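In what comes next, chain A is part of two complexes: it sits with chain B in the first one and with chain C in the second one.
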Partner chain A sequence: MRELELYFGPQHLGMVGNFSITLKVEGDRILKADANPGYLHRGFEKLIEQRTWMQNFPLVCRINVVEPDHMELIYSMGVEKLAGIEVPERGKFIRSIYCELARVGSHLFGLWAYSNMLGFDTVANWAMYHRDLVLDLFEELTGARVYHIYIRPGGVRRDFPEGFEDKIVKTLHTIGSKVPDYNATFFENRLFEKRAKNIGKITCEEAKKMGAVGQAIRATGMKYDIRKIEPYAAYDKVDWKVPTREDGDAYSRILVIRDEMIESVYMIFKLLDKMPKKGDVYTKTPNPFKWRVPAGEAYVRCESSRGELGLYIVSDGGDKPYRAHFRTPSYSHGLTILEKVLEGESIADVGNIMMSLYVVAPEIDR
Partner chain B sequence: MKSLKKKLESSFSDIKINITDDSRITVNIKKDAVVSILNFLKNLGYEHLALISCIDWIEENEFELVYILSAYMEKDQEYNEKEKKTILVKTRISREESKFITVINIFENAEPYERELHELFGINFEGHPRLTPLFLERDYKIPPFRKDFDTRKYVKDVFDKIPSIEERKK
Partner chain C sequence: MSKTSFLNPFKAIKYLFEKPKTLRYPFELKEPAKRYRGFHLNDWDKCTGCGNCADICPNEAIEMIKIPEIEANLAEGRKNERPQIDYGRCCFCGLCVDICPPGSLTLTRDYLHIHFDTNTFKFIPKDEKLDKATFVPTEEYSVLKASLSHRKQDYQGFSPELEYALFEPERVKMPQIPPEKRKLSFIEQVIGYNKDEAKQEAGRCLECKLCEDACPAHLKISEYIDAIYRDKPKESLEKIYEDNPIPSICGRICMKHCEDACSLRIRGDALAIRWLKRYAADQIKNFKEELEIHPGKPTGKKIGIIGAGPSGLSLAYFLRLQGHKAIVYDELSGGGGAIRIGPPKYRLPLEAIDKDVNYIESLGVEFKFNTKVGRDIKFEEMLNDNDAVFIGIGNTVSFSTRVKNSEKCILALDFLKDNKIGKQRKVGKEVIVIGGGNVAMDVARETIRLQHIQYPGEKVITKTVSLEDWDELPATEEEVEEAKEEDVQFNPAWGPKEVVLDDSGNIKGLLCRKVKSVFNEQGRFSPTFYEDKTKFLTGDMIIEAIGQRADFSFLPDELSDKLEFTERRKVKVDENGMTSIPKVFAGGDIVNINLDAVTAIADAKVAAQGIDKFLKRQQQIISKDVIGPKSLESKKYNGKESVDD
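For the complex of A and B:
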């Protein structure tokens, strides 16, 4: 059969997001894949060097469009470490609750993209509706639906409004009561099992070699989770489990995502119970126009909904960062693992594998 | 933490190790020893390359390359102190020459990171199989993430030449 080159770009129906892959195919089989990012390169890391420490928030939250919250968190953690700022107890709990809500929202968005691409439109509509309910919570809390800019160095911008805890519980009960329906129509659906089982398989050893984090490595049986390894915010204050699977294929990755969502919901309930009822939510920081952060460097990491998210930040003692470099989970997933895993698979599974690896293009390009 | 410091100090000469309280170790080392120290750390179990970064110290006329390593746990194992540690291996290279050795044969996922640094900082990684453009589409005289690249001047030079709609109509 003849060998052809196929440009699998953002205009292709099987592609989700602004990302492209050049495929060498023979019939329906992929011989070689060449990932080609850059559609969303906005040079944020360069722009960050030209803005003051506080001015950078609108930039960092746009690095990952789907879940800006962890981006705010990681940048705040970096600045806090450089400047030696402590977060008050209640602020830590609010951060954790906020980030877990963001994880639920982001996983629902991922579920929308994945099920929509496989043709499960009903599930896609449910997921989008439930994500909207989470966004309603964010809107009440922060005033914005997508880019919240709620976390700031030293804590969070403001306290929960009155009765907000009850609203969180109510929304999560609404979403949680739909889990059996999700299971019946999607996760335990035989059509979906046939489509996702034994697709895009990686073993634990391969995953380690290629720098996998997040669901990609937890689906191979390793409990690698930064929230447990290096607890930040209030994750060490409550008891929770890290869901894992054994097979390392697309199906187990999606099931890990589902289990994680459920675990997040339980975790939010526990965090709400344990949260101190009163107290400051932020520490005062200097005037943002005159704020000079002491010279030094820091590497901070947290667990975003896609895996280990890191920030290497350097200050030269000025009013702007000297250098900031984000280690985003999609980078290794989308450029190293995707290229390797696609070899030998069929064209119809490109989007399937890419979404199961949970690749988000803006995170790669930055 | 201390035992790791001792091990490194006995195996490598010309090494400066700095331990910060929160489980971060910074290792400053000469550029010839980087490949061997990365191999050494990988054999000790620090097999997760989290990031390769670069800082442009323009006043000292040097680039600083930073390799950030951490450890994976074993399959089905619970958490212990080892995964908490992060090692930052740092080295300096000359800004004019701006070339270094690739570490792909040690860490597979170094490939896109080196490609990115080649494109944005103009560092040539010898032995890298494809140093092709990753993000950018235009050619730049100065790689854009270097400190002497003036974004405002570049925007003025490139985009001021595009005629406005009124001018195009004439």
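For the complex of A and C:
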């Protein structure tokens, strides 16, 4: 049969957006896949070098459009490590709760994208609605729905508004009570199982070698989660499990995502329970116009919704970062792993596999 | 996972019977959260125009725009600039709200602006008070008209909360000797910041420079404060010396007009600018060895200066930097003038004064102390010997109340002078100080100390009596508070009527009458009294501290007649600091109405420029006369006149 070259994306329903893949196909089979990043390069890492330590926290969230919160977190963690700032206890709990809400919101958004792409429109609409409920919480806490600009170096920007704990509980109950419906219509739907099982498979060894993190590696059976390995914020203050699966295929990955979402809901309840009822939510940082962070370098990491997110940040003792470099999960997932797992799959499953790898293009192009 | 029925997904059908979740926009609107970060509001009355919002904005979305209708008040730290937001750039982060010192800037819950003209995205926010047409009640609001000029009333969102502000509103506490201890001796009350405290306090400065506009001498405050923050006290002090050559003095007793303008004062404490200046000056132990300030190239000109007070000292310094020779005459045995005798040792020790004076002397200024112009040297002689003369004599003669028996009272300046540089005065056990200004506070607080020294362990009383009531006392709040802490008693709104003597002619007390008003309708000083309401204050000693005037007796009659005064009895000077007598310049308390050191420095700066200009003009006149034609010759180029000049 004839070998053909096929362009997949960026304008394609199965594509995550500003990203494309060049496929070499023979009939329906993919012989080789080449990922093409770069559609969304905005030069953030360079921009960071031109803004003061404080001016950067409204900027970094934009690196990952879908889940800005962990970007805020990792930047602040990096600055705190360089400057030797300790976040107050209540601030740590709020950060954890906030980031878990972000995880729930982000997973719902992922669920929307996945189900929408496969034509499960009902599920997609539910997921979008439920995500909106999470955004309502963010709006109330931070004043914005998407770019929350909430985690600042030193802690968080504002304390919970009055009655906010109850609202979180109520919203999470609403979402949680719909899980059986999601199961019935999507996760345990035989149509979906048929489409997602045994595609995009990867073994634990391969995953490790190619720098897989997050669901990509947890779906191969490895309990790899930075929140456990190197606990930050308040993740060591409560009990929680790391969901895993064994098969390493698209279906396992989406189930890990679902289980994580449920685990996050439970974790938020526990965090709310244990959180100190009063206290500062941030540590004072120096005057933003004069703040010079001591020279040095730091590497910090956290577990974003997509996996390990790292930041290497350098200060030369000046009022701006000398260099900042992000290690984002979508980078290895969207480039190396995607190329590898697409080999031998059918064209119809490209979007499916891509979604299960949970790639978000803006994270790749910084 | 166990296989489920393929009918399972049809459970979703039940959702058909639920109410829809979507809103029918624009007929149905979602109410944004209380903290929503939408368009800005700015309370123009509170906004100082400091520009901190523009400086912090990560997107350079804010530009400060001059608003002609707003009247600037630089002394109070208010500019007539207000922020303009470019909504094409703004990311609604709200950093501007969190940095705004007065908290005038707020975000609202409005976020809709629909317009064909992109220029309308540049917007100068106001608030409902000022912009009634834009902010309509909810009933009248229509989303179809939603824009920056059609917004809802009372719709604040993300607001400035001091607790979360990006600046530090609280001042680093200045360590001081407690009142119980300090009133027993003349020990310097303020201890001064240590390095960490100074750096921390300096770190509060937002660099908006409102203070620099308010300072009469326009010191480069934000720069010298930043140098302290960076732990470079020498750099800081050299910056100070560009505009103020008496930092050890001003770092202690400056009237700190700058702090009245500091934008941090509005919701917190003003930056401790004065104490930081003192820190810089105290850090450098030996000015002469450490500072790199050099006199200018000699010009051969000589200026005579009368009075080694702040204006005279500063002028001498500035003239030296220009290369002129300066000779300062003063009747006292050391420099400082009124400041040498006035401020008590617990506020301004002599060592601090001498440190500044000695440094000025080391730059080549000649001092002739113990020399009173008019007595030891004739003014006319000075005028002849020098290329210009500067009068900075200050107000040296105390006023008396001139009530009955007032000749038995002591005058404030004599009292202060003896205690500071002469022999300590003997005081009574119950002393009355007449006056409510800073000098009266100095006198009262000194008296308390002398009483404790002279009558240890005994009951002693010092009381002040002033025409002004509490709210109009001319003394600074700080002075009044500290006097109270030291147990000085106050009798505000009482005016002296008569000094009462006993049979042997000793003071028994002061008869006072209640004050009706101190100022007349035009705001002029013109006290009126209730003659029937009197009060007798007992006391065995009375000190009058009700003001001072200048002594011009050194001027020969023909010049004295020529010297013009303003309506407020101040020596009239032109924009160059020159009086109505040619070649004679003046500054300090005899010229300005602030009557303080830093204004005297400002006068000196003006006079230094003025004198320099004056001397250069003289030079030109001379050179034109003598070598004029020649110099013109040299300007010719290729036989043509050069075009400039």
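Keep this in mind: the second predicted complex is superposed on the first by the 365 of 366 C-alpha atoms of A that agree within 3 Å, B and C clash if a C-alpha of one lies under 4 Å from a C-alpha of the other, contacts with A are read in each partner's own complex, and residues count from 1 in each chain.
Throughout what follows, contacts are C-beta pairs under 8 Å (C-beta built on N, C-alpha and C of every residue); 3 or more make two chains touch, one makes a residue touch a chain.
All figures in this text were calculated on a predicted structure; none of them were measured in a lab.
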Chain B and chain C placed together on chain A: clash or fit? fit
Under the stated touch criterion, which partner chain does A:222 make contact with: chain B (first), chain C (second), both, or neither? first
For the superposed three-chain arrangement, angle chain B-chain A-chain C (C-alpha centres, nearest 10 degrees) equals 80
- Please work out whether A:59 is in contact with chain B alone, chain C alone, both, or neither, and reply first, second, both or neither. second
Practice prompt. Applying the touch criterion given at the start, work out whether A:2 contacts chain B, chain C, both or neither, answering first, second, both or neither.
Written response: neither
### Query
A:277 contacts which: chain B (first), chain C (second), both, neither?
neither
With chain A overlaid, the minimum CA to CA distance between chain B and chain C in angstrom is 15
In chain A, both chain B and chain C touch residues none
In their shared complex, chain B is touched by residues of chain A numbered 37-38, 41, 43, 45-46, 50, 81, 204, 208-211, 217, 220-224, 228-230, 297, 299, 301, 308, 310, 312, 314, 322-323, 325, 327, 331-332, 335-336, 365
Within their complex, chain B touches chain A through residues 22-24, 26, 47-51, 53-56, 66, 68, 72-79, 83-84, 86, 88, 107-109, 111-113, 133-137, 144-145, 151
The residues of chain C that touch chain A in their complex are 1, 3-4, 6, 8-9, 11-12, 15, 21, 32-37, 55-56, 58, 91-95, 98-99, 107, 157-158, 161, 164, 166-168, 203-207, 226, 229
The chain A residues in contact with chain C across the complex are 51, 54-56, 58-59, 122, 126, 129, 136, 139-144, 147, 149, 157-158, 161, 181, 184-186, 188-191, 282, 284, 286-290
